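Here come two complexes built around chain A, the first alongside chain B, the second alongside chain C.
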Partner chain A sequence: MRSYITRRLLLFIPVLIGISLAVFLLMHLIPGDAVDSLLGVEATDELREQLTKQFGLDLPWYEQYFNWISGVLKGDFGYSIRTGKAILPEILSRFKVTFELSILSSIISWIIAIPLGILAAVKRNTWADGLARVVALFWVSIPNFALVTLLLLFLSLQFNYYPALQYTAFFDNPVQNLKTLIFPALVLGAIMAGSVMRMTRSSMLEVLRQDFIRTIRAKGAKEKVVIFKHALKNSFSPIITIIGMQIGYLLGGTVITEQIFSLPGLGLFILTGINQRDYPVVQGSILFFALVFVIINLIVDILYACIDPRISYK
Partner chain B sequence: MKNIIIELLKDKIGRIGLIGVCIVILIALFAPVIAPYNPTEMFPQIRNEPVKQFIMGTDNYGRDVFSRIVYGARVSIIVGLISVGIGASLGIILGLLAGYFEGWIDNIIMRIMDILFAFPSILLALAIVSVLGPDLKNTIIAIGVVRIPVFTRTVRAEVLSVKSQEYVTSARSIGVKDNKIIVRHILPNILSPFIVQATLSLSSAILVEASLSFLGLGIQPPDPSWGSMLNESRKIMELAPWTAIYPAVAIILTILSFNLLGDSLRDILDPKLKNVE
Partner chain C sequence: MEELLKIHDLTIELRTKKARYNLVENIDFTVNEKEAFGIVGESGCGKSITAYSIINLLSTPPLYIKKGSINFKGKELTNLSSKEMRKIRGNEISMIFQEPMTALDPLFTIGEQLKEVMQIHTKLTDKEMDNKVIETLKKVEIPRAEQIVNDYPHQLSGGMLQRVMIAISMINNPKLLIADEPTTALDVTIQAQILDLMNGLKEKFGTSIIMITHDLGVISETCDRVAVFYGGHVVEISDVENIFENSMHPYTLGLVKSVSSLGQKRKELYTIPGVVPTYDQMGIGCRFYDRCVKKMDICKNKVPPLKEYSKGHQCRCWLYEEVN
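The block that comes next holds the complex of A and B.
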C-alpha cells in the first residue's frame, strides 16, 4: 500500500514537468507573439523591442521556459499583459468560485444519482429500472449550455424568473451566494448525475451477482443489510473512479457555466484571457486547471487503493 | 458488418440510434436540396416567428433558422467525422506501436498521452483553438488532437491482450514479419472496441464543437453552427424563442442518437465492456 502511494507520487513528477512543458510550448506556437497582439501593427520598432526585452521574449525558448517554471515554483505565475496585475492571486481568488460551484454540483449529482442507481440495480428489469436508464442516457446527451438556455427561456417566459447574476462571496453573504450559485450548480449537477447513476447501477449489479452476496442472503440477512452494508460498500471503487473522471468534465463544464451566468471564476478568466489575447493569463490558468485535475486524479487513485486493497498488488 | 446492422436493428435502443444518426447524415449530405434558402441570406423579416415561408422562423439578422439548422448538421458531421478520423488514425498508429513493441516506445508514447489526458478535453481544445485562431479547420484540429489519447489507450490495451494469443505467438515463431503480424493478425482483432470508441467519440466531438462555437471560439458567424446559433439567440430568446429552441433540440437529438448507437454497439460488439462507462 505504502509502496503503491510512493510509486504514484514519483510518477507524478514527470507528468507535472510534461504538463508545464506542454502548456508552455503550446502558447509559444502562437503565430506572431504576445507583443504584436498587445501593440497592434502600428507600433514603432523601438517600443516593440523594448517590450520584447521586458517580457524576456528575446531569449531562446528553453531559457524562457526555465525562467517561467522557476517563477511558477516560487508561486510567481507572471503578470497579465493587459492589466499588469500578478496572475496567481487572481487565479486563487477566482478558483474559489469555480471550486464552490464544482463541489455544489457534485453533491447535487450524488444526491440524485447514487440512490437512483441503487434503486435501478435492485429493481433490475422492472419499469423503474427501464425509466431510470432511459432518463440517464437522455440526460448524458444534453450539453449543459443547451439545457441552461432552454431552462432560462422556460423560466423567463413562464414565471418571469431571472436567476441572480450578481456574484457575492460566500463569507460576505452566504444566502445571497447560494442564491446565485444554486441554479448553475443544479444544472451542472443534474447533467453529471446521468453518468454517475449509470455507473452506480452497473457496479451494484456486478456486486449483487457475486457469491458472497448469495451467502449473506442465505444466512438470512435482511435485504436492507445486504444492499447497504455489503453490496454498496463493495461497489464503491468504480463509482469513485467515475467521480474522479467527472471532475475533469466538471472543470471543463464550469468554463461554459461561468460564461453563461457571468460568474467570476477561473473558467471565465481563461475565456477573457483568450479573447483579449492575454497569453500569460491563459498559460497560467490552464496550467493551474491541469494541476488541479491531476492532483484530484492522484487523490482518487490513492483513495481507490485504500478502498480496494487488491489494486496495490497490480 | 451485415450481422452488426441486423443485431442493431433487433435492439430497440440501437434501432432508434441508428435511425437518428442516418437522418442527421442524410440531412448533412443533402443540405442544399433540403434547405429552402442559403443559410447566410438575410431577409428583411427579422425575428419572424415560424410561418409557412420560414417554418422555424428567422433570426436576429433575418436569416432562415431552418436552413441554418440544416447546414449546421453539415458542419457538425464534417467536424465530427474529420476530427475523429484524425484522432483515430493517429491513435491507432500510436496504440499499435506502444502495445506491440512495448519497452521504451511504449513508455514515451504513453507518458505523452498521460500529459494530454491531464487536460479536461474542452479546456485542451480551447487552448489549441486560442493559439491557432478560431475557424473550421482549427476547430477540427483541436478536437482531433483531444481524441488521440482516448484512441491510443483503447488500441494499446487491446493490442496487449491480443498479442499474447496463441495465433500471434505461432505466427511469430514461423518467422512472419512484425508489420504483417500487425496488419493481418492484430488489427482485425481489435476492430470491435475501436468501432465502439469511434461512435462514442463522434458524439463527444460534436459536443465539443458545439461548445466551442457557443463560446465564440469555434465556427465563426455567419457560417451556421448549432452552438453559435444558440449563443446568438441568447440576447433575443425571449422575443424570439424559436431561435434558441430549434438549435438546442437539434444538438440534443444528434448527440443522443450517437450515444444510443454507441451504447448498443458496445453491447453487441464488446459484451465485456458492458459495465464500463
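The block that comes next holds the complex of A and C.
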C-alpha cells in the first residue's frame, strides 16, 4: 500500500508538468496580453516596452515557462501583474473558503442523497421511488445559476436575508461564518445530491439483486441489516467515485455561486485573472486546482481499497 | 417416522400486469425427520420456488403463495409474521444455494459471516462464537480453519465456499436444511466430496435435508425419498429405489432412461422429445401431455390426481387410474 501511494505521488510529476505546459501555452495563445489590458490603448510605446520587459514578456516562451516553473517548484507562484501581490498566499487564503464551501455542500448532499437513494432502491417502482427520481432528475437538470438566483430572490423577499458583504473565517466567528456559507452550500449540495442520489439508487439496486443478499435473508437477518450493513457497503464504490469527482470540481471553485454570494473563493480569482490577462494568477491557480484534483483522485482510490478487500494495491 | 414438514395443496402464483399464472400447483409432499428428501426436475419446473416458499424467500412481488399450507413441526409457516419467520430462517430451517462463489458477501470475512448467523439467533459471547466458528469449519472439513476465518470469499475456491455455506447453515443445528442444487456449479470431483459431506452431516446432526437437483445421480447418492416435478406439478413421489426400479410416470421413465452410465458407452443417450412448456403455455390437462409417449385422450383436458398406488409410491397419471 505504501509503495503504491509513493508511486502514485511520483506520477503526479508528469501530470503536473503536462498541465502546467498546457495552461501556459493556452494563456499565450489568447490574443492581447496583460500590458494591453493594464495600459489601455492610449499608452505610449515606450511605457509599453518598459512594462513588457518588466514582466519578462519579451523573452521567448520557453524561457518564460522555465522562469515560472522553477519559481513554482520553490513555492513561489510569482506576483499578480494587476495587484502586485504574491499569488500563492492569495490562492491559499481563497482555497480555505472554497474548501469549506465544498465540504459543507458535500455533507449536505450526502445527507439528502444517500438516504433518498436507498429509499428509492428499496421501494423501487413505487410512488416514493418515482417521486425521488423525478426530484433527482430535476436537481441534475437545473442550471446552477438559476437555482442560486431563485434561492437568493426567495430568501431576500421572504426572510430579508442578504448575502454577507464580508466573509468571516470559521475560527473567528463560527455562527457568522455558517450564516454566510449555509445558503451557497445548500444550493451546491442540492445540485450534487441529484447525481449522488441517482448513483446510490442504481448501485443499491444492482447489489440487492445479487445472490449474497438472499443468503443474508436466509440467515434470518433483519431487513435493516440486509440494507445498511451489507447492501450499502457493497454499493459504496461507485458512490465514492462520483462524490470524489464532484468534490474535485467544487474545490476548483464555483464561479457563479461565489459571485452571487460574494464569497472570496478560488473560482472568482481565476475568472478575474482570465479577464485581466493576469497570466501568473491563472497559471498558478489552475496548477493548484490540478494538484488538488489528482490528490482527491488518489484519496478515492485509497478508499476503494479500504472498503473492498478484493482491491489491493501492490 | 415423524413428519417434520408437510406441504399440502401449495399453489404459487406469478402476478403480472396482464395475467396471473400458477407456477406450481397443488404441491403435496412430506419430509420426515432425519430424512433426505429429493426434488428432481428440469429447470423451470418450479422446484426452487417451492423450496424458497418454505422460508418465505420468494421475491414478492411478483410471486405470491395463492393457497395451500406449509406445516413445519406443527406450525403453519404461511401465516407467520415476517418477524416470526426470521426466527426460523437460519436457525430451524436453513438454506444453501447453487452458486457458492456469489452466495457470500465479498466485503466480510468468512468468520464474520459465520458469526453473523449466531449473532442473529443465539446469545453466545464473542469468544464462544469464535470457538464455535472454528469447530464448525472443522466439521465441514475445511483445512487451516484458524486462518480461513480471516480470509475473504474471493480467496477461496468454489468447493471451499460451498463448505463455508454448509457451515453457516449448520452452525445453529437446524432441523431442516434446504439445498438448492448445491453441487451444480462445482467440479465433478468436488461434487462427490460435498455430497459425502452432506450425507455425513445428516447422520451427525440428525438434520433433514431437502435436496433440489436436476441430476438423478445426486438423488441416488444422497436421498431416501424423492419427488419428481414436472411443469409445476408433482408427478411422482417414491423412495429412491422404486423411482429407478419401478418408475410409474412416463416422465420419470424418460428421466431414468436418459441417465448415462458406464455400461452404456457409445450408445446414444436417450432424450425426452420436446421441451418443457413455459408457464404461459400450460394447457388445462396433464402438463406432460405434449411430450408423453403414452398420452391418451383424457390427458389433454383433465389433470390426473396425485394418488398412492402402492405403499409410499404416489403418481399423477391417468395411465394407472384406468387400470384400477
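One rule holds for everything that comes next: the second predicted complex is superposed on the first by the 279 of 314 C-alpha atoms of A that agree within 3 Å, B and C clash if a C-alpha of one lies under 4 Å from a C-alpha of the other, contacts with A are read in each partner's own complex, and residues count from 1 in each chain.
Simple rule for what comes next: a residue touches a chain if its C-beta (ideal position, glycine included) is under 8 Å from a C-beta of that chain, and two chains touch if they have at least 3 such contacts.
Just so you know, these numbers come straight off a predicted model, no measurement behind them.
**Q** After lining both complexes up on chain A, report clash or fit for chain B versus chain C.
**A** Chain B and chain C fit side by side in the superposed model.
**Q** Once the shared chain is lined up, is A:271 touching chain B (first), chain C (second), both, or neither of them?
**A** In the superposition, A:271 contacts chain B only.
**Q** Counting only touches as set out at the top, which of chain B and chain C does A:234 meet: first, second, both, neither?
**A** A:234: touches chain C, not chain B.
**Q** Can A:211 be said to touch chain B (first), chain C (second), both, or neither?
**A** So A:211 only meets chain C here.
**Q** State whether A:1 touches chain B only (first), chain C only (second), both chains, or neither.
**A** neither
**Q** Contacts for A:295 in the overlay, against chain B (first) and chain C (second): which applies, first, second, both or neither?
**A** A:295 contacts neither chain B nor chain C.
**Q** Contacts for A:248 in the overlay, against chain B (first) and chain C (second): which applies, first, second, both or neither?
**A** Touch status of A:248: first partner only.
**Q** Taking CA centres, what is the chain B/chain A/chain C angle in steps of 10 degrees?
**A** 80
**Q** Please name the chain, chain B or chain C, that touches the greater number of residues in chain A.
**A** In the superposed model, B touches more residues of chain A.
**Q** Given the touch rule stated above, what does A:107 touch, chain B (first), chain C (second), both, or neither?
**A** After superposing on A, A:107 lies clear of both chain B and chain C.
**Q** Using the superposition on chain A described above, determine whether A:22 touches chain B (first), chain C (second), both, or neither.
**A** first
**Q** Between chain B and chain C, what is the shortest CA distance in the superposition, whole Å?
**A** 16
**Q** Residues of chain A that sit at the chain B interface in one complex and at the chain C interface in the other, please.
**A** Common interface on chain A, chain B vs chain C: nothing in common.
**Q** What residues on chain A touch chain C, complex-wise?
**A** Interface residues on the chain A side: 210-212, 214-222, 230, 233-234, 307-310.
**Q** Per the contact definition, I'd like the list of chain A residues that touch chain B in the complex.
**A** 14-15, 18-19, 22-23, 26-27, 29-31, 137-138, 140-143, 145-146, 149-150, 152-153, 156-157, 195, 198-199, 202-203, 205-206, 238, 242, 248-249, 251-253, 255-256, 259-260, 270-271, 274-275, 282, 286, 289-290, 293-294, 297
**Q** Spell out the residues on chain B that touch chain A in their complex, using ranges where they run on.
**A** My answer: residues 13, 111-112, 114-116, 118-123, 126-128, 130-133, 203, 207, 210-211, 214-217, 227, 230, 233-234, 237-238, 241, 244-245, 247-248, 251-252, 255-256, 259-260, 263, 274-275, 277.
**Q** State the interface residues of chain C toward chain A in the complex, per the touch definition above.
**A** Going by the criterion above, the answer is residues 55, 57, 86-91, 94-95, 97, 99, 102-108, 116-117, 120-121, 152, 154, 165, 168.
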